[in-house]
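You will see chain A twice below: alongside chain B first, and alongside chain C after that.
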Partner chain A sequence: MKKPYEKPVIFKLKTGFMNKFGGGSYFLKKVRSEIEGISVDELVKEFGSPLFVFSERKLRQKFRELKNAFTLRYPNVEFSWSYKTNYLDAICAILHDEGETAEVVSEFEYEKARRLGVPGNKIIYNGPYKPLDSLRVAVREGARINVDHFEEIADLEQVADELGAKPRIGIRLNMDTGIQPQWSRFGFNLESGQAIDAVKRIAAGGKLELVGLHCHIGTFILEPRAYEQEVKKMVEFAYRIEEEFGFKIEYLDIGGGFPSKNRLRGIYLPPDVAVPSVDEFAEGVCNALLSSLRPGDYPKLILESGRAIVDEAGYLITTVHAAKRMPNGRKAYVVDAGVNILFTAFWYHFNVELDREVNGPAEPCILYGPLCMNIDVVDDMVQLPPLPRGTRLILSPVGAYNVTQWMQFIRYRPNVVLIGENGEVELIREAEDLSDIVRRERLPERLELKWKD
Partner chain B sequence: MERLKVYFLPILRSYSAVLFNSSFSGGGALLLLTFLNPNLGLGGLVAVISAYLFARLIGFKREFLRLDYYIYNPLLVGLSLGYLFKVSLLSLLFFAVAGVMTFLLTYALSSLFSYYLKLPVLSVPFVIGSSLLYLASVKFSNLFAINLYPHRAPTFSFNLPLPLEGYLKSLGAIFFVPDSFAGFVIFLVLLMVSRILLFLSLLGYFSGALFQAFLTGSTYQAFTDTSAFNYILTSMAVGGVFLIPSLRSYKFALLSSLIAVPLSAGAKVFWESYGLPVFAIPFNVSTHMLLYVLIAISYYSVVKIYKGTPERTLDYYLTYQRRFPFTGRELLPPFSGKWTVWQSFNGRWTHKGPWRYALDFVITDEEGKTYKGEGLYLTDYYAFGKPVLSPVDGEVVSVVSNLPDNPPGKADKENNWGNYVLIYDRRGFYVLLCHFKQNSIRVKPGEHVVKGTLLGQCGNSGYSPQPHIHLHVQLLPHLGAPTAPFNLASYLSGDFFYDCGVPREGQEIEPVYPDKYLFNRLNLLIDQEMEFTVAEGKKELPLKLKVKMAPDGTFYLTDGAAKLYFGIGNSTFYFYYFEGDISSPLKYFFFAAPKIPLINREGIKWSDYLPFLSLSSPLKRELYLFLSSFVHNFSLTKVNLLFASADRVVSDIISPDSKRTKGELLISPDFGFEELKFGNIVIRRKR
Partner chain C sequence: MGKLQKLAMSDEGFIFDPETGSSFTVNQTGLFILKLLKEGKSQEEVVEALTEEFDVSREEAARDLIDFLEQLRLNGLLREEKSV
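Moving on to the complex of A and B:
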């Protein structure tokens, strides 16, 4: 076979040298010919490329790791599946089967959970924008609602009057836990006294029963002590409410934000070093709870972990479509998956694996997506050997936030498959075609084209 | 009317108390029976009333009459005097004085008996009182001359075979009416009140009388001896009242009525030399002797709470035994989440001999392994470093925390227990937890801990080849003391909830802490009221329930006619037992959901047992009870329950005749119960 011609360039060869991040670039080359025992080739042959692949085994394993880490340290824990990280029916169904309830942040997610068969009392309804109609439904169906602002207290009181019920609600807090940035845009601020004002307001109204506290300190938090702070402040506040207002605080919802083993852009350490284990988070949270709670009092601890469970269960198979040499000498590839379906590319350097052994020295490369847009960069710095056209790249972890934040932009969204625990491969979301996109469009008659084929 | 009832009912009860029950109608029948001889009837009644009035005079509360020996002793003395003297102003005064005297005697004697011997006084005051009064009346020539009357032959005669007539006459003799008609009435009263007592009366009489016949060689004498009623009373007291009715108690009954025979013959020699009948001496002596020994050695089947009849006692006891097999040493599992029992009581490896009552826990994965990877390092073990929580409320007695953790597979033979925490529980025992991780213990000697306090972390110190928690109970404070049996309280194994039990080897268990919301809703407070509508077919009746407290501090729900005792313990809401008018719909709450675990998780299952009271046919109920007295696990009513949703308990009640009833209980969003279904009965909360 004739070797493809490549224009010669000169670049500084680093192969074989030690660097402070461990290992030479030669060893950074990783090969993955199968996912959960199913060959990448076969998957692409049947379902096309690009292709999202989820592993049921990995998903359940990650959930159980998290569950064990917390339930073995605190006797009353509820896990609530953060729909926004991944609300594919099949993914949610697996996690509900594992015992997770549903955490939703919009009427859309609420409806999606209900449609899947989640009863109202197993839904936690969060978020800064909850339309009045959706509050009506949520109260009627017994969902747990965490209030974000004073207007929502008024809305809920109106709903209470209408339905003649006394909704049982929580309030969302924001607080200083010693980390930056402080997420102060959601809920009531603790330190400024806004939170206690909200409780006073609820008590004065007399139409709502405050039974829980909610807080979510941020996302991809790499510091377990931040959660310790959060828990301590919440417990202290809960007791203050119980004493001053007579409400019984039944649950403390500490939100989510636990990281996955993904490498944030701007962080140089590999995730195995930078990301604390889930046990470290659990130990921090549970020890803080056990040491600040009163004897015999075990309010329910609610965790809304999403990313830490699903991220590592998701892979994206993409195919090299073309290779380029940039004017600055940098090698670049055009692949068939872009930021339209890989939103988290803006945050992470993914783990890039090849479907086959490729010889040749690795060099820093750019991965461009298929979009005719300048922003479509999947990775701007990844060490790869010279890849022939048609090589499949397997990007991971991509399980969180992508199949929710993806969009139909320029190209169709691809298939999503699930590999079951017994190796069965099932399509859980079909690739789109034109009909999906034009279904909602209405063309005024007068604008119809008169051209003839 | 109400006031009259308040005074009258205790008096009726004093009559039935002689036959060891508290039936009002039975008491009424017996009262009328004594009036077959008006002298007798008045004698008894006057003595009782005078004793009762005196008790009220010195400020006794009505409650005291629950202790029935205060009232039946004056009654018996009154009857014994009425048997001797006919009614006149003088004799009536004498009866009244005798009543008060017997009351005082009873009070004094019962104090002595309960303080020194821990025994009930029975009819000892009657024996002493009547003997003294009979002796005294010999001196009272005036009373004697005017009031002594001859006894006519009984009005009714049935021409019955001698043994049967002897039995009936002996029954009558208990109330000083030794004729077969009176005996027959008492027989019917017994049949109505308690089949077990009736059976015991036959057993006692015929065994005693036949024994006497063999000993004396005269059947006629044996079957005409009026003091043979002692055999009956002894048999009833031993076999049905002071021991839980069972084949064993019936053997004791038989034995003690045999013992009463020589006692009776012996006592007669002394008493008759003074011209006195032996009254109930044989009964008192034989019963007291046996009872004293049985109580002294803490014999297991001695009745602690007598429920009015042997049947009710048996039903209560059988149900209690099955429903609440508590040892008084209930411990929470000393951890959080799901752990697996590595070694249980009488374990395979080290739980032997004096240390057989101990539990070891490890954490296992889906494959049953206790570690990930190859298990070469302690950190590979799931249990290693996991929190250990206090299983009891108590005081830390001693702590060792500085021993190193062994590498997997090795064990420290010098310091068997490794790092440990020893806690004293005020219920009277010590709890030892061991093999903690080095320097992980967070409590100090002298510190108070409560259930769930973080003690330290699971480790691998001491005689421990892999990280695990060892838990046992001991009665002495030193390390290595023999272990004592205990139970774990409130845990789940899979979907099944246990309020109390000892998990077996290999069982995976998870402790349950009460859910705050469910607890707040079922923690019914005194004077809370719930109004319901009871619908059975087309009939609709109102039902109003109120929470009240009993003098012993337990709480009950009541509609005025019946009481349903309830409480919360072991993370479980219990309906303890039902008391009072059986027609009250209150009982359906008990039957549909006898206990409810305080877990907010649907799909949780558990089971419980109901007393025979739950059988709708009274005939069947009594038959099963009577048969159960011979074989305790003869049959039972089992209930299987399930949380269909977080608020809805669904139950399946399976009675001994395999009849199944469906029950359902919906817990209200604020407090108490919203809706109850039991068969075709629907009880709905009225708001």
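Moving on to the complex of A and C:
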């Protein structure tokens, strides 16, 4: 019998400096032959590679964890699904089934939610650019609108006149919560007095009813205290405008931004250590609320958490197409998924798992995507044993922002499947082909090619 | 005498380069190849030997040998002029 084969490798030994990426590495040699009990091999046989795979069980579980963390600590909570984080119908439908309303930031997202069957009054409409027509629709259908700037106040007053209605609106605030960067480009600044000016302006117009405050302090926030600050400042402001202008604030929408168990580039601690639990965030937010609200006053707390709910429910299966040795000795692989479909590769070092046991020592490797573009680097530092061609890598978490920010660039976008709670595997977005891309193109007749095959 | 002939090798895969004082570690496949190269075997012969000794296709062995030679070169264990 022949001996089992392992690819040949040689490493230089450095005295007093045991390879700092060696042993104990977070990503060292992890094997995952299945996702939710369905073999990776079968998934690829049926749906091809690369392939996005979502777990319904994990999605519902993550949502319920977050929901329980807040509803156990505060009596009036609403979760509103951030469409931009993942607006695949099937994903939204699951979260709406769990009770989430829809948080949208464009007329496209608004229309997508409506088409899915979400009533207007279960939509929160945010964002810096809300075309007038979309405001008309949103007001008519009773959506909650959070105003971003003074022009939008004027636009809404125009809509109010046209419809003979008094829209109930919120305003978006931005503020110092002790973290950087401060997302000060959205909404009205609190500390500068701009926010109170906006309230004055709304009161002076007399055509709008201010009933809500909104804020979103950023994304992948690792600091629960930032939310405590946010909440305290919002409550204080709510009471101030109630006293000075008589507007009763019915909801405090604190946005999203909770992190997922992903590893940001530049952070070397594994996510289990670096990322606070949802309970820590909930504890901070709810304590801050209860300690600053008047007794018996429970305005609705709205959360627009995206990433923390869906990121860990998504996996990407990708296949090793070729191996390379860089001039500096670094090992590299070309895989069939690149930054065209994996936008979050710019921020994260994913968890990389192999579909099979591969023998041989791990070494630091680069994962290149399939694009003929220098930017196409899925990971610049991942510990991998010598991988045979055809090895499948399972990257996670990839459920947030990829299937929305992906682009049709150089390659077609691949299939997306959902594994249901009973193990059913369903296609929820079909891979593209040429017809999807050329459908919108128009070739002027005079430019048609006359070449003969 | 080629550079490879001067290397000290243990059966555990410890390699010492007396010229530079550097030490290396290789896995079993790497050691197997190094020994053959030291004996002056050609690339074809090494590939042949690999397929006889291990459960590996000729294609994969040939591909991996190229990569291994590159690793040796990068570690200064093959002289540039001596292309094996």
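Convention: the second predicted complex is superposed on the first by the 427 of 453 C-alpha atoms of A that agree within 3 Å, B and C clash if a C-alpha of one lies under 4 Å from a C-alpha of the other, contacts with A are read in each partner's own complex, and residues count from 1 in each chain.
By definition in this document, a residue touches a chain if its C-beta (ideal position, glycine included) is under 8 Å from a C-beta of that chain, and two chains touch if they have at least 3 such contacts.
Here the structure is a predicted model, which means the values were calculated and not measured.
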Check your understanding: Should A:L290 be classified as contacting the first partner (chain B), the second (chain C), both, or neither?
Key -> first
Practice item. Please indicate which partner A:W183 is in contact with in the superposed arrangement: first for chain B, second for chain C, both, or neither. Key: neither
Review point. Between chain B (first) and chain C (second), which does A:W347 come into contact with in this model arrangement: first, second, both, or neither?
Key: neither
Point to revise | Partner chain in contact with A:P4 - chain B first, chain C second, else both or neither | key: second
Check your understanding: Of the two partner chains, chain B (first) and chain C (second), which one does A:N121 touch, if any: first, second, both, or neither?
Key -> first
Review point. Between chain B (first) and chain C (second), which, if any, makes contact with A:F245: first, second, both or neither?
Key: neither
Practice item. State which residues of chain A lie in both footprints, the one left by chain B and the one left by chain C. Key: none
Review point. Can you name the residues of chain A that touch chain C in the complex?
Key: 2-13, 323, 325, 328-329, 360-361, 386, 388
Exercise for review: Spell out the part of chain A that touches chain B in their complex, as residue ranges.
Suggested key: 68, 71-76, 119, 121, 211, 248, 250, 286-287, 290-291, 295-300
Check your understanding: Where on chain C does chain A make contact in their complex?
Key -> 15, 22-30, 32-33, 50, 52-56, 60, 63-65, 67-68, 70-72, 74-75, 77
Exercise for review: Quick one: which bits of chain B touch chain A in the complex? Just the residue numbers, please.
Suggested key: 335-339, 363, 382, 386-387, 389, 450-454, 510-513, 515-517, 520, 600, 645-646
